[in-house]
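Please go over the structures that come below.
You will see two complexes here that share chain A, one where it goes with chain B and one where it goes with chain C.
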Partner chain A sequence: MAARPDDKLNVIGRRQRRIDGFDRVSGRSEFTDDIRLPGMLHGKILRSTQTHARIVRIDTSKAEELPGVKAVVTHKDAPDLMFSEHQPVLAGDVVRYVGEEIAAVAALDLLTAEEALELIEIEYEPLPSATTLRQALREGAPVLHVRSPDNVGPTMEKDWGDPDRGFAESDCVIEDEFRTPMQHNTLAELHVALADFSNPDKLHMYTPTQGAPMYQMELAKGFGLETSQVRVVYRNIGGAFTGRGRPKPHHFVAALLSRKAGKPVKIKATADEEFIMFRASGETVYKFRTGVTSDGVIKALEADITFDAGGHDEWAMILWLPSVYLNWVYQAVGVRYRGRFVFTNTVPKGSHHGGIMGRMSAGWQQHIAHVAQELGMDPADLHLKNAVMPGHESPDGSVFASCGLRDCIKAVVDRSGWKHKYGKLPKYRGIGIGLGAQASGSKAADNDTSAAMVKIAADGVVTLYTGIPDMGQGSHTVMCMIAAEVLGTEPESIRVVQGDSDITPFDWGAFSQRGTFTTGNAVKAACEDARQQLAEIASRELDVAADRLEFGAGRVAVRGNAEQSMSFSEVANKSLHSTEGRFVMGRGFFNSPKPFGALAFSFGAQVAEVEVDPVTGAVTVDKVWAAHDIGRVINRLAVEGQLDGQVFSGMSQVLYEECKVEDGLILNPSRLEYKLPRAYELPEVDYTLVETIDPYGPFGAKEVGEGPIVVSMSAVAAAVQNAVGAMVPEMPMTPWRVLRMLRATADGSTDVGKAWSEGLD
Partner chain B sequence: MHLPAHEFVKPRTLAESLDVLRQAGNVKLIAGGTDVTFNMRGRLFQPDVLLSVRGLDELSGVGVDGDGWLRVGAATRLTDIENAPALGDWPMLRKACRSVASRHVRNMATLGGNLCLDTRCWYTNQTAEWRQARGPCLKNGVEACHAIKTSPVCVALNASDIAPALIALDAEILLASADNERRLPLADFYTADGVHHTVRKSDELLVAVRVPPTADATVYIKETARKGNDFSYAVIAGRKTDERVSKLVLGCLSMRPIQLTGVLDVLGSGELTEALIDQAADACRAELGVLTNLYTPAAYKAGLARALVRRALQTLKET
Partner chain C sequence: MQRQVMTLTVNGDRHEVLVSPRQTLLDVLRGQLGLTGTKEGCATGTCGVCTVNNAEGEALLSCLTPALEWDGEAVTTIEGLERDGRLAPIQQAFVEYGAVQCGFCTPGVIMSAQGLLNASEQPGEEQINDGMAGVLCRCTGHIKVKEAIRNVGRFRDAPAK
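Up next is the complex of A and B:
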């Protein structure tokens, strides 16, 4: 049942310290790389040094003879083991990018494994390659896959509502183009997989993950096992940011090596290899088109996006992700979306923190600001006029049961002093506003289930069994707060059992902002079940009707008579250590009643204020005002942490991050040269939490895991746009690009895009 | 990646070290090891002998000689230099040392190591597999350059943040070999060749740096992609002697630190008016030589050099 805003809550809404905080900062937390299994071998992957080549010959004999080497695998060991539909885990006759997996070695130690790799001989017959979107789309370009003679892979074309009518009803149609580069998610914890497949009937996979089921399913399918024959084990996880959603080639390779060697095998990425293993986002070109009436009513929205998929289409989901963003923010008559994948001879792509929406938003919200400018409107007014409202049904059929977007806009406009600043700031200062919406648990298939169990032991200790991983977002703390609220106890007193698919109940995992919403609902239901069991027993023992009992301070008491009460331990003992022999175990689950899509949506608006150094081109983000409707706030401290982190990462992607790619090689595959900002660069963040109470979320909660970064990226980009005086057509907005923009706008250039493309780099 | 196989030698005295340098063939010197071990893991070089001079008495310590010159042993840690009371009279050196990397790195890194830092290039400072994919270059003894296709010399960037400051301070260095010892101005230590980027001979060891006493006003600015713990996009060190700008040295933009003598000529002994500063800043491009797109675009490097010259001159004007 949905909670009402006036519900009396004891735990929910607190500033709760992480339940695992001390372990984390004291180094006591265990991560996958800390795990050492008896007899464990170390694996290394041999990767292609060619952008595009036929493999003529692979000779592994010298590597196999090296003392200490226990297994060498190539395509021949698993010709049918596929990573994606058309892509073997280990390359067969052709390699399509530098870094593609060709062979692997397991040895007694890492040094031997590295040495063995050098002994593997590969003869290539180089093929012509296309390493950029432009090269791949050119007439007569080298073809990567015979099934795609024009190098265009999967596409998506879809209209929602009536975009033609929308454009026809518009007085003004504005178009803009935007580009984003290849970017990389610099996770705190490098990729690592420890596979124990020494018994071919059971594959144990120790690895950081966003959710065990997808790993179980895909590994089971690959190796011809039942899902339950794959056990996924994980410990603490150093970030995921879309990067640990499904197994990657190294998981399959580790399993393959382990099966062949009959020993556990660990493969851990080196810091530079991480740039190949991660599959982050690729070069992307966006064409935006918006139809609007002269008084500022947005009628039609269109985006046409071309993605560099890399050498394989590993993750086609990226295609439709941006389309939802077009549907959820403004009340348009129609939405049109076109997306296409283009194959290039580069590493296959996934996405960066913020999904594809964050990157798109940095261009799209500049585009909307441009629309406002053409109309002579303040962009904040245009946003407010068109923003979705509670009860709105978007063209794609999403219904916003709760929606505080307009309150968010008003809050940031008010708190930032927008009306005194927009158009009135001194030269080289800029202010920008961005909007966003995010689904809280978007269901893509029936198995989008979270289940949870809660056990009350004879000593009264509450143990929660959950399959939701904590990648740093604080999900376990949130689950303990929900459990503590229902059971009338304290979050710190609850123990969490997690991280083993053989033990914990099914949970699809931490994807699509479903943790708090979906798992939270499951945990709440499990605790309500346990509470009911406790109440039944206590009611009998205390000889009072169950509805006259209340829970608090770890006790069950008769309402209004604290003398008459029992501790959890006493209740659990009465049940367990008696002829009844039943222990208190609550079960709960959640699976959205909707067959597809989300039940709840979060919304947000942010204003960013920046300063551009006209001499060096450096951009400083001075302050960000963030207002987010995330439903009921469960853990205020964690919400603020999420906002800080996402403002930081959003700013980082807009201003700093770029994989410099030349001829298919990443020039800066290191934390030194991939210029991620540091804490020094984090601006001050002003938080406003708009707590609409969602009817479907646990205690009315929605999500705060990804919504804010999309908004941060748009606000920072729009602020730079405001400072330099024109839409910045490319990310990241590095000093040299900003200087070029300043020159172009100072020259009074009407076509900044042209001046841009004729620029130097 | 692991370090490639090598023999690690750590003599107790300078004399022993110099003997090893003379006798062994393929030797790499190591002091703090913050750069050497990193590059060795990437197989940028594979020495037979790694000769450690860390902590050698003859190479350690900060003090003022009888003639008033500051003397810093080459193997002195940057943290120890920063903290040395004597540095109060050479504030620019302290600032330059403090600008290097992070506290953790400076607790290991040495002055000699910083002055001798290998030049950097993003076609070279990669893993062996990466370079294999790209192909060899002048750094591997092959007549090819990926940064500037037609370049006959390696154009990798000098990475020392401290060298420009010491050059501006007229520092001299002491080089010793088993049978010789020589002094030379630090300004003459560097060459315009990214492979053999200093004039140090293979049997020589940088023993100490000496800096003459001065009360001149100085300026030191380091520009990076982000605050703290990073290699520079560019650094500038400047100095004013008798109301006249006497030194301007740019670092990290090309193979060696660049003394902007032409800019000084433009400035002459004139008053530092905005017009003259602009004129001087414009003159700096001619002294930069060939610029690369390594790490930042060439045009940005030229613009940044100009901007740093302006900022340095404006600071000197106000001091």
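Up next is the complex of A and C:
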């Protein structure tokens, strides 16, 4: 039954403190590195020191003889063990980037393992390398893979709707270029894998993850096991931010070492190694083209994106991610997308917080502001004129059952005093607006299923079994709130069993913003099932029709007659401890009925106000006004936390974050030199929640986990653009880049961005 | 490298431990003593996740402290903040104000905040900014962390929850 705005709710919408708060503030929460299994060994990986080289010889004999060493593995131990289609877990005859996994050691302690690595002899024959997009695309560039003689890997070319017609109907077509650097996510909990493969029939993998099934499937495939022979344990997870969606090479290496040594093996990243293990986002170049009519109707949108994939194409999904975002914000006639992966001799790339959409948006929304400028329009008016509306079907076939984008724009324009500020601020101050949209869950080739179970013990205690990992976003609290709402009890009275793929029902996990929406729907269904069973028993005991019963305060009561009621424990006892012996257990699952894509979309708009120091070039973000349509708000406290975190991470990526890479080597692999905002740098955030009630969401809820960062990045970037007077063609907008922009705009250089990008190597 | 016996008082309990010169205070807390509430983040002093309090109640990066230099000293870790099974005011404030998300940095962030509160019962905005500059929280953007510190007074002498 679809949710309605006037549904009477007891729990949903509260400021609910985390159900696991006590454990987390008191040091009781157990993370992977806190686990010690009997006989556990410590593993270390030997990594390539070369950008591109042939391995002539590996000699591990001295390492094997070192006392305390229990296993040494190289390519020879698992020549067929592949990490991705063309990439062995341990390099064979060629290495293609600094940091590539070549060999590994398991020893009694970490110091011995480190010492053993030093004893492994490797002879390289260096090969010519290409470590930047420009080098890799140059005529006669060194070739990384024989199958891609031009170093161009997978590509995607797609038109939705009719972009040719859209451009033909436009009065003007604006083009811009943008570039984002290699960035890294600096998770609180560094990458760690503890593998116990001492029984070759079962691989136990203790590791932080965004979802067990991908880990089970990929590890099972690699080691020739059935999926159920891989158990993934992930009790607490120190952040994920797209970085833990699928296993990484160290998971395979830990398993390989454990199988060989017959003991559990833990591999944990060091601070600098983390920058290799993570597979962060790579250098990316964007070309935007937009066709508009002279009165500001956006007709066609185009983006052409070149990605630095690194030494291998590990994660081709990144290719299509930006394409959908182009479809979901404005009502264009047609959308054109071209994307390509380029191989370089650098670490293979994955994704960063906000996916590729956030990074793109920092350029794309500046580009749209540029379009407005060319038309002589206020960008807020251009956004409002073209923003999608409820019921809109975008060119890619997505239908927005609920959509509050226009209300979000109006809210931030109003609350920020935009009309009094835009174009009227003193010199060196800027204000910018950005928009975004994000899907709640998404179906590709496979399903998009989450399942859940709930049991009601004889003492009335409700236990929820869920496979959704809580990486900090508060999913378990949200699931308890949903369960409590259905069952008429309190979230903190519900127990959660999670974090072990041997126990919990199937759930793809916490990515593609599917937690609240998809798992939430599954939990709701499971609890409705349990509720119906409780109602059947109570109806018999109280001798009334089941539809006359209501659930509240942990009791089942006859509507309008509180005297006639039973507690959960009385109902559960009646059924279990009787000759009937019935145990109340609810089950449910949710999978979008659509064959492809998403059912629900969240939307948002943000305005950022910044100040640029004309002497140092430093940017200060003074305030951010955020308005988001996330459907029904389930936990207001957690929603605010999500928004805070995404403003933080968004401004961080736009203003600070950059891996400095020279000859394929990351020069700043540390949390000091890879700059992130500290407590004193955060702006005030003003929240407006536009609660559209989505017909498909649990109680009308949609995602809030990634939509906002895309918007934050675009608003902050547009504000800097406004302060310096021209589109900033590159991220991060560090002081020297901002100074350079100020100088260029003061000179009256009209084509700042282009000239700048061309000067880059 | 010769291992040595050292004494260390943690949360009021005195321990004798065998320590190698390469081990840090963090290694001893997590390894020898099994007090895994203190987390190891970067282990290079850049993230503040390993923060504990020294005998004077000041924040200390345990990952940069050679254990043997701390022979005979006392430290307080996240496990030592509770009194009679009741969370300390700063711990309660973190829960109530939503200053906890993934929880990995939380022990270090709380011990930094506690260090700040040990020096000043009601730190001002600038003191909070300075005192919390050494820890990095990836999830919360520090916004609710600061809110919790500002409002810690509400939880002093408050009835246990």
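Just so we're on the same page, the second predicted complex is superposed on the first by the 752 of 761 C-alpha atoms of A that agree within 3 Å, B and C clash if a C-alpha of one lies under 4 Å from a C-alpha of the other, contacts with A are read in each partner's own complex, and residues count from 1 in each chain.
Note that in this section a contact is a pair of C-beta atoms (placed from the backbone, for glycine too) under 8 Å apart; a residue touches a chain by one contact, two chains touch by 3 or more.
This is a predicted model, so every value here is computed, not measured.
S.K.: Quick one: classify A:T270 as touching chain B (first), chain C (second), both or neither.
M.R.: both
S.K.: Name the contact category of A:T616: first (chain B only), second (chain C only), both, or neither.
M.R.: Only chain B; A:T616 stays clear of chain C.
S.K.: Would you sort A:L739 into first (chain B), second (chain C), both or neither based on which partner it touches?
M.R.: first
S.K.: Taking the superposition as given, does A:T49 touch the first partner, chain B, the second, chain C, both, or neither?
M.R.: first
S.K.: Residues of chain A touched: more by chain B or chain C?
M.R.: Answer, by number of touched residues of chain A: C.
S.K.: Which holds for A:G334: it touches chain B only (first), chain C only (second), both, or neither?
M.R.: neither
S.K.: Of the partners chain B and chain C, which touch A:K675 in the superposed model: first, second, both, neither?
M.R.: first
S.K.: Between chain B (first) and chain C (second), which, if any, makes contact with A:V647: first, second, both or neither?
M.R.: second
S.K.: If we overlay the two complexes on their shared chain A, which of chain B and chain C does A:G21 touch? Say first, second, both or neither.
M.R.: A:G21: touches chain C, not chain B.
S.K.: In the overlaid three-chain picture, which partner chain does A:S29 touch, first (chain B) or second (chain C), both, or neither?
M.R.: A:S29 contacts chain C only, not chain B.
S.K.: Across the two complexes, find the residues of chain A that touch chain B and also touch chain C.
M.R.: Common to the two interfaces on chain A: residues 111, 270, 672, 676-678, 680.
S.K.: If you look only at chain C, which of its residues touch chain A in the complex?
M.R.: Residues 22, 30, 35-44, 46-47, 49, 77-79, 81-82, 87, 91-92, 94-96, 98, 100-107, 110, 128-130, 132-133, 135-146.
S.K.: Taking the complex as given, what residues does chain A use to touch chain C?
M.R.: 15, 17-18, 20-31, 33-34, 111, 185-190, 236-239, 241, 270-271, 274, 471-474, 637-638, 640-641, 644-649, 670-672, 676-680, 682, 685
S.K.: So in the complex, which bits of chain A are touching chain B?
M.R.: Residues 47-50, 98, 110-111, 114, 270, 272, 615-617, 656, 660, 663, 665, 667-669, 672-673, 675-678, 680-681, 735-736, 739, 760-761 of chain A touch chain B in their complex.
S.K.: With touch defined as at the start, can you tell me which chain B residues reach chain A in the complex?
M.R.: For chain B paired with chain A, touching residues are 1-2, 122-123, 126-127, 129-130, 132-134, 223, 225-231, 293, 295-300, 303-304, 307, 310-311.
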